[in-house]
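We just call them A, B and C in the order they show up, numbering each chain from 1.
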Amino acid sequence: MKTHFLAATPVAAAMAGINPAHAGEPAGAPGARIDAAPKQEIRLERLTPEYWRVTLDNPPFNIFGPETIPQLNSVITQIETDPKVKVVVFQSAVPGFFLTHYDFVPPLSATTGIPPGATGLPALPDMLVRLSRAPVVSIVSIRGRATGVGSELSLASDMRFASREKALLSQFEIGAGLVPGGGPMARLPRLIGRGRALEVLLSGEDIPGDLAERYGYVNRALPDAELDHFVDALARRIAQFDKQSIAEIKRLVDIASLPPDSEIGAEWDAFLASVQRPAAQQNIKRLMEMGLQTKPDVELRLPYYTGTLGQ
Amino acid sequence: MKTHFLAATPVAAAMAGINPAHAGEPAGAPGARIDAAPKQEIRLERLTPEYWRVTLDNPPFNIFGPETIPQLNSVITQIETDPKVKVVVFQSAVPGFFLTHYDFVPPLSATTGIPPGATGLPALPDMLVRLSRAPVVSIVSIRGRATGVGSELSLASDMRFASREKALLSQFEIGAGLVPGGGPMARLPRLIGRGRALEVLLSGEDIPGDLAERYGYVNRALPDAELDHFVDALARRIAQFDKQSIAEIKRLVDIASLPPDSEIGAEWDAFLASVQRPAAQQNIKRLMEMGLQTKPDVELRLPYYTGTLGQ
Amino acid sequence: MKTHFLAATPVAAAMAGINPAHAGEPAGAPGARIDAAPKQEIRLERLTPEYWRVTLDNPPFNIFGPETIPQLNSVITQIETDPKVKVVVFQSAVPGFFLTHYDFVPPLSATTGIPPGATGLPALPDMLVRLSRAPVVSIVSIRGRATGVGSELSLASDMRFASREKALLSQFEIGAGLVPGGGPMARLPRLIGRGRALEVLLSGEDIPGDLAERYGYVNRALPDAELDHFVDALARRIAQFDKQSIAEIKRLVDIASLPPDSEIGAEWDAFLASVQRPAAQQNIKRLMEMGLQTKPDVELRLPYYTGTLGQ
């Protein structure tokens, strides 16, 4: 019997139709549409040879699914290997969403079937670990919701700047009975301290820009009107500096601050175990029925909806 | 010759009379009154099977003594082993005091005579270490003074919220020539960074709610009128979530953030050594003469009084 | 062939004349004037036997050079070995500068020729590591620019307080194509988290007092008019406390928070390698031509000038 992120339901089946194909899924499997090339959800622009911009553009909600993994992997491989690039800014083109939770429609096998990456970790945590270690400066510019994978990509990046008015960070997973899988248990306590990390991870609540700055979840929250200019000026400044010295500074900071890969790997295992538990399957099913992945209000106010599941 | 927290003095003897009995003390030992059952200083309420409240209620100052250890140990054992509880809130019923320093009246043997706990550590650090590792979310709601053991219990808990107007956190010990014994040298630098940890530990000064938030000593300081509602709403939210996923998230955060038990054990040893040094005995005697454990002003403005000892 | 911090240029030669002699430099070596005793750049005052003050006084910019190393080493050795001192405050007598970058005029051999210190590390990182481990409380009072060595001395000290209006902290090195060498890649991520540490280290930007407090780079930023009184009162308070307990608290905090010496040593090696690369030599030469070490505006607005090098 195949395991699904969500056991097939009328709602899930309806959802499946609006999702792209998954490599390796047999034709006709629930949630698969192998006849179409995957939509390009991530754009890479080389503003200069030294300064690149990555735009997350998967409307309406910037949901991250198994089909996004090879796209992000391609970007990160280019960041790792390009001889000239020094700084990369990640931003979103989707109003209200930087990047949000994992796609619950495709079957679990669409994710677990992707081969492990160069670090030996499964594909998603592998990419994030490689981004952290790349000899290139990664900066996220967060406007809208950065939840689940969106928070995990932010935490794996080198610096985080947020819109004071429009950013929301969270690890919503506990609200659905899940354990997050992309590194936040390893990264958040090292970044913001055990107490605030446990609050973020165990409340599943939204952390707006101002509070995210006070907690250290982001470097700074800036007025929305100033965010783009600030990040662009910082990136252009760094892009003038010496690539070798940038790489050596990062390498030495990595020694002092990166979690061991074993901690990241353990999270992915815990995530996979949690998503297959009946309680989580039931929670996801109920969230889908409420409108997860279809109704804007559910995606925009996710912690409110997860807070209703136990009532 | 028996070692005492405070060598017997007229003041100490007078103090002894207002303190409860200590298990294992021979009848008639200084500071012991074995004819009375220990007063219940800690109340455990099961608001729901999933959400418990622990109230610290040892007026007038919420001083923590050897007789408190088995009471807190019982609560923590129940938290560790109950199949349903998910979240526990610690609060105080004593105006002005969340929980303060260790009781200096009983003889030292009343503390050192308590057998080590399940971790192999002495009883007090053992309990705190077990609370940190329990598969249950612990939240302290700090109103009034959280000093010494009060700060150490807070630091061993998962999250800390403080009254903006009424909370004071401190490790006052250095002011009396003591080394703290319940974990703050291991926990504070990991939580708030080396520099602020050294300031807290080496100044012995009070850290009010606002500054405690800026330092990361607490998750947040909230207006006093909002504190209870905020903590209650957070606890009720968490109480709806999946117990197994809560436990797994905590376990993974523990790996990234908890100090090894050996560091905690070394602190207890340093505390015991310090309290037996003549300089500390003299400081404690003088603080008792000023009104420590008897006069509200001394307990309320403890750093002022420790600041006068060297003059 | 001798390696220089800066290959001889007319500007560098002009600079050399205003710099003191370097022990071990052969007579007539570029930048050496062995006929004069080194100017005393650091003053040590014993305000009381327990409370010392160290004043950095090398106008006009408080530049730190190889000739400063034995002077600071002497101070730190006295701090380490004096039987009475409990607390030392570092401050500056030079308006606008707490302590800034390393002197680029003397030849590199003036620095590399100084024998390693007691820890086995090269002289500069050795001193800073020993200050962190000394059984004495070190407090920096930052008014003006604390850049390069000035930031590294601050980070190696136990507590940092800054003027809200007049303090600027930075690691400017990346702006000149250098890797910092005195510990900030090891210390900053542990103090302020990976993200903010990478921003400080890879932007080379100034961090003013307020932001330094929000980032945790300093314990607190205080109004300039209150800084001296605050630091003095804190130091006098600590100076009354028990020296042995101070030392034991520090020792236990050290276990929880100090980087291993190997990380500090690796930084020095990376710094030495970076300063000898042609790109860095060219950057330093151009900064010197702009007025580094001669024109106040270049020293005061250093990040502006490093930002122009790549244009």
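Note that in this section a contact is a pair of C-beta atoms (placed from the backbone, for glycine too) under 8 Å apart; a residue touches a chain by one contact, two chains touch by 3 or more.
As the structure is a prediction and not an experimental result, all values here were calculated from the model.
A.B. asks: On the document's contact criterion, could you list the chains that touch subunit A and likewise touch subunit B?
C.D. replies: C
A.B. asks: Over half of interface residue numbers shared between subunit B and subunit C means same, under half means different, so which is it?
C.D. replies: different
A.B. asks: Fitting the CA atoms of subunit A to subunit C, what rotation angle results, rounded to the nearest 5 degrees?
C.D. replies: Answer in degrees: 120, to the nearest 5.
A.B. asks: Compute the distance, rounded to whole Å, between the mean C-alpha positions of subunit B and subunit C.
C.D. replies: 39
A.B. asks: Can you list every residue of subunit C that touches 2 or more other chains, as numbers and ranges?
C.D. replies: Expected reply: 190, 192, 216.
A.B. asks: Would you tell me which residues of subunit C are touching subunit B in their complex?
C.D. replies: That would be residues 137, 158-160, 190-192, 213, 216, 218-220, 234, 237-242, 244-246, 248-250, 252-253, 255-258 of subunit C.
A.B. asks: Of all residues in subunit B, which touch subunit C in the complex?
C.D. replies: Residues of subunit B touching subunit C: 173-175, 177-180, 185-190, 192-199, 201-205, 214-216, 259, 263, 266-267, 270, 274, 277, 279-280, 307, 309-311.
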